[in-house]
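Read from first to last, the chains carry the letters A, B, C, D, E, F, G and H; within each, the first residue is number 1.
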Amino acid sequence: MADSESPIDDLDRQIIHALQGDARHTSASEIAESLDVSARTVRNRINNLEEAGIIRGYNVDVDYEAAGYQLHTLIVCTAPIHEREEIAQHALEVDGVVAIREVMTGAENVHIEVVGVDSNDLSRIGRDLNDVGLTVVDEDLIRNEYTRPFHQFSAGAATDDN
Amino acid sequence: MADSESPIDDLDRQIIHALQGDARHTSASEIAESLDVSARTVRNRINNLEEAGIIRGYNVDVDYEAAGYQLHTLIVCTAPIHEREEIAQHALEVDGVVAIREVMTGAENVHIEVVGVDSNDLSRIGRDLNDVGLTVVDEDLIRNEYTRPFHQFSAGAATDDN
Amino acid sequence: MADSESPIDDLDRQIIHALQGDARHTSASEIAESLDVSARTVRNRINNLEEAGIIRGYNVDVDYEAAGYQLHTLIVCTAPIHEREEIAQHALEVDGVVAIREVMTGAENVHIEVVGVDSNDLSRIGRDLNDVGLTVVDEDLIRNEYTRPFHQFSAGAATDDN
Amino acid sequence: MADSESPIDDLDRQIIHALQGDARHTSASEIAESLDVSARTVRNRINNLEEAGIIRGYNVDVDYEAAGYQLHTLIVCTAPIHEREEIAQHALEVDGVVAIREVMTGAENVHIEVVGVDSNDLSRIGRDLNDVGLTVVDEDLIRNEYTRPFHQFSAGAATDDN
Amino acid sequence: MADSESPIDDLDRQIIHALQGDARHTSASEIAESLDVSARTVRNRINNLEEAGIIRGYNVDVDYEAAGYQLHTLIVCTAPIHEREEIAQHALEVDGVVAIREVMTGAENVHIEVVGVDSNDLSRIGRDLNDVGLTVVDEDLIRNEYTRPFHQFSAGAATDDN
Amino acid sequence: MADSESPIDDLDRQIIHALQGDARHTSASEIAESLDVSARTVRNRINNLEEAGIIRGYNVDVDYEAAGYQLHTLIVCTAPIHEREEIAQHALEVDGVVAIREVMTGAENVHIEVVGVDSNDLSRIGRDLNDVGLTVVDEDLIRNEYTRPFHQFSAGAATDDN
Amino acid sequence: MADSESPIDDLDRQIIHALQGDARHTSASEIAESLDVSARTVRNRINNLEEAGIIRGYNVDVDYEAAGYQLHTLIVCTAPIHEREEIAQHALEVDGVVAIREVMTGAENVHIEVVGVDSNDLSRIGRDLNDVGLTVVDEDLIRNEYTRPFHQFSAGAATDDN
Amino acid sequence: MADSESPIDDLDRQIIHALQGDARHTSASEIAESLDVSARTVRNRINNLEEAGIIRGYNVDVDYEAAGYQLHTLIVCTAPIHEREEIAQHALEVDGVVAIREVMTGAENVHIEVVGVDSNDLSRIGRDLNDVGLTVVDEDLIRNEYTRPFHQFSAGAATDDN
């Protein structure tokens, strides 16, 4: 790692930056025009980024409470450190789970976003997570969520950076 | 809330479910075909969901480490409870921040996803978050991240549910 | 849940509100008069609320210290998440326990109100709770306790709310 | 305290015990009959217990989730130790608060039961509690709640005890 | 308990108060003179307090650091709640332990005062405590220690109090 | 310190050991006889140990609960590190405090033993400790307390040790 | 960073690896011989590594307890995040401090190794650290310490790695 | 210990102090000259200090981030107290570990400095540490590190001290 070439170049960064603004309604042609390259180049680059696993997918950002689900919850769990990845995979199968993030530490190392239909359902999710080997540490209702593009991927930052 | 109509119906749920699979490469036509409605209906529904704020946007899921950024980090912070929302807005302006989630509790109530270029940059981000009024509680490297559609939005579950 | 009708209406709310003021000395007739409905209606509504489990019972609020019991104590415990409800039922059988509340989180999820006759008795209660599967986390003497009616159930709030 | 007479006697205890079973539907006559004293005695005793503040009131035990309110929540707070009682009084004025319990320790010494209409409302309650001087430490959804009479107040126990 | 007579009277309290000032160099005669009773009465009372277990013994307050032992340490441990008393008895047999206090809570419920000859010795004490069933939570060097008589036992307070 | 002579010798140690068994009822003559030195030597040594501050005093070990005081409590506090000693001195003036121990760490560094007459009194003690600058962290009822002589001071150990 | 060349090459790594074995008694000539390069090359490389700040210095690993200092202690502190580096510099001036390590998190972010002459000295160090702006969180005696060369710097690992 | 002679004298202290300034580039001759003794004496003393284990070795202080390794990390672990030393020895065998420090307390008693090549490598190290019996509690990136000589070893301090 320490001495490897960077896996992506400035054009890749700028394309990801454009997608980070709106991953659905931003066409390859629009990106191409703004970056002064061909749409074909943009499509190829996106395809390569997807195949390399640098772009893992495209998510829709749902406001669950606005959709009528009040129990949109972050469940913070601890997995035994040597089974964390395997357990996280099983947790992803639990109904109500919509996202999982593993972090690198000894406790509270699996953060799970769930949507509960009612509190019985939330209790059921807690038991299911327990059954796959997680220790539930805390549960908190999720309020606001925001995202923004990574500033290092914007054209100016990329130029400054190199 | 307690006695209001549900803000969305089964068709809305199934459309969101389809988008949750792949928010970029799933066209309205494909969704329409799978749900046996017109593409125009799907486009209208998506438009309505966006305008109602139920769909807040579309994100690209980037594997930052694969892209050459090792310091992809979750910073857990505490905001004073009466300023949490305002502070979170300011935190979103800090370079390196790519996502913020507020949770409803007294401490560790703002979870921030950042990408640091190097450890000086990560230190700078910590200071910037401190300057907008956050108390940094912990910082952990992010490892794996997974998402999946909300099972209650799938066709079968929606039918069961009503 | 998300799209169901509200289980109770404004009249139910106002009746509960009246009972929350004084659950023993407030007769159905008095409630009826204040709400301008018949006493029979009030009695029927209360009966229905009880049968639906929305009213679970009526408690007397005892000041145990004033009654000569200094060791009126809140014992905060952790139950394994998948056995929490069953264990709480067993804990209710322990002599000295007067109330139990389960909360939805991974630790410190069972809060138990006990009255100890002396410190030997309190030690015995701790051991008994341990024997039914609870891990005692903390014990604190209870000082003041207050209740008030839910403001959303008052006539004005209910009107505003609808 | 150490050398005072007990504030209540066995008959008081047995009357409270009867009320702890059902504080609304248990008449003085029924209690009198079961304890083999006159109803007038029971009424006098209850009156005296109320005036002495040993019986502080009668509560109705509401299942808020069954009533359509999913966000029935325990908010654990810390009050500065020398202002705890005064702050608790102010917290009781916050809309949505239905009960407060103070415990005797340095942190997490005020436990507040609230009912939120939606998550905006719950956020508002958190800010209001902060404004009266409380530091919110944790918020957890309340699940099951149970009560039972104090076993030392039952006829047999009281006899054993004296 | 609630209605029992106080186990000790004012004279007992004042005698204990005198002993709390200096348990070795305060003779029964001196106490007798200051309280205006006979030395025989004082001796009888002390004897009775010892037999009743109200006076458990007389300790010498040693400044271990002044005596050349730098590693005078408080070791805070957790014992399983149902074995706490038995384990504490075994811990008292560990060489280097000079005092043990049990407190009534779920964790950090056994506080042990030890004197270590050197850090190997302190490590050995930690292992020995572990072997009798204690979980060591923290170890801190003891600095200053002070005692004073219980103010409620002084003549004036006792008079006020009765 | 590192290269100083030991402040006490074996005879000192053995005399302290004898006093640790029973600091009141063990006369200098008895100690002298058991150690085969003159009573005058023992008295001189004790006097020297007291003047050097190695023996700080003699305490009576009271079982407060047996004496009718149920609220015998350990209050764990945090003092600002640079004021710890001064604050501890002020805390010693608070009525109800009977002993204070400072430990060398940043938090929970002042452990206070108090006797409360009733819970109002215990609340008052908490406020008084707060007023002298302490942050109360926890309060736990004290159960059993045991002491034993320091084994390194016994004749055999002292011989082994030198 | 992401796309830069590695700052050091295999020869640098192997030279550091040799120094990590014994930084004093391993001469440039010995390193040269084992790596089959000239001693001049080794000296130049070491000089360059020192000038680039990659080698910051050479420490002697002292067993303070063996040297007669029992209070060799790790003091864990929290610095305000935006002043951490400046405060650490001031802490380095405190007598008794022998090493400081800053870690990147919000609390317990400055770990300080100190040697105290006696407990008064250790208390003085705690106050001095407090005075430069640190909050002392914990203090623990240091027992064993071990180091070993970084395996990635050994000849074989370096070869595998490139 | 309490009554032993100091293991080292002033000259030893001053020699160690000189080595603490720069353990590689400070020759015995230079130390000899500054302390006005023969180089042979210095060499003999250093040899004796090494043989007595008072000097355990000489370390090179590497800035791993400057060397291209961003994941230079402090892993704080808990070892069962009776196996701490044995487990630490095994942890030293884990690839990536460069230093281990044991501290004397019940939890977080093993502090491990590791260098990870990338986050997969860091995850592997965490699992390996878990496999040797450690519970990983926290992981934090290491930022700045500083050392300085022990002030008590300098000529002036030693003179003052004796």
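What we mean here is this: a residue touches a chain if its C-beta (ideal position, glycine included) is under 8 Å from a C-beta of that chain, and two chains touch if they have at least 3 such contacts.
Bear in mind that the values here come from a model prediction, so they are computed numbers and not experimental data.
S.K.: Could you tell me which chains make contact with chain D and chain E both?
M.R.: Both-contact set = C, F.
S.K.: Using only Cα atoms, superpose chain C on chain G and state the rotation angle in degrees, rounded to the nearest 5.
M.R.: 180
S.K.: Please report how many Å separate the Cα centroid of chain A from that of chain B, as a whole number.
M.R.: Computed from C-alpha means, the inter-chain centre distance equals 8 Å.
S.K.: Please tell me the distance, in whole Å, between the geometric centres of chain A and chain F computed from their C-alpha atoms.
M.R.: It comes to 58 Å between the two C-alpha centres.
S.K.: Which residues of chain A are in contact with two or more other chains?
M.R.: 1-3, 6-7, 67-70, 85, 104-105, 117-119, 122-123, 138-141, 143
S.K.: Mind listing the chain G positions that touch chain B in their complex?
M.R.: Contacts found on chain G: 1-3, 80-82, 85, 104-107.
S.K.: Name, in rising order, each residue of chain A that touches chain C in their complex.
M.R.: Counting only chain A, the residues touching chain C are 67-69, 76-77, 117-119, 122-123, 126-127, 129-131, 135-139.
S.K.: Under the definition above, what is the set of chain E residues touching chain G in their complex?
M.R.: By the definition above, chain E touches chain G via 65, 70-71, 118-119, 122-123, 138-141, 143.
S.K.: Can you tell me which positions in chain D touch chain C when the two form their complex?
M.R.: Interface residues on the chain D side: 1, 6-8, 12, 16, 19-20, 22-25, 52-64, 66-70, 74, 85, 88-89, 92, 95-105, 109, 111, 115, 117, 138, 140-152, 161.
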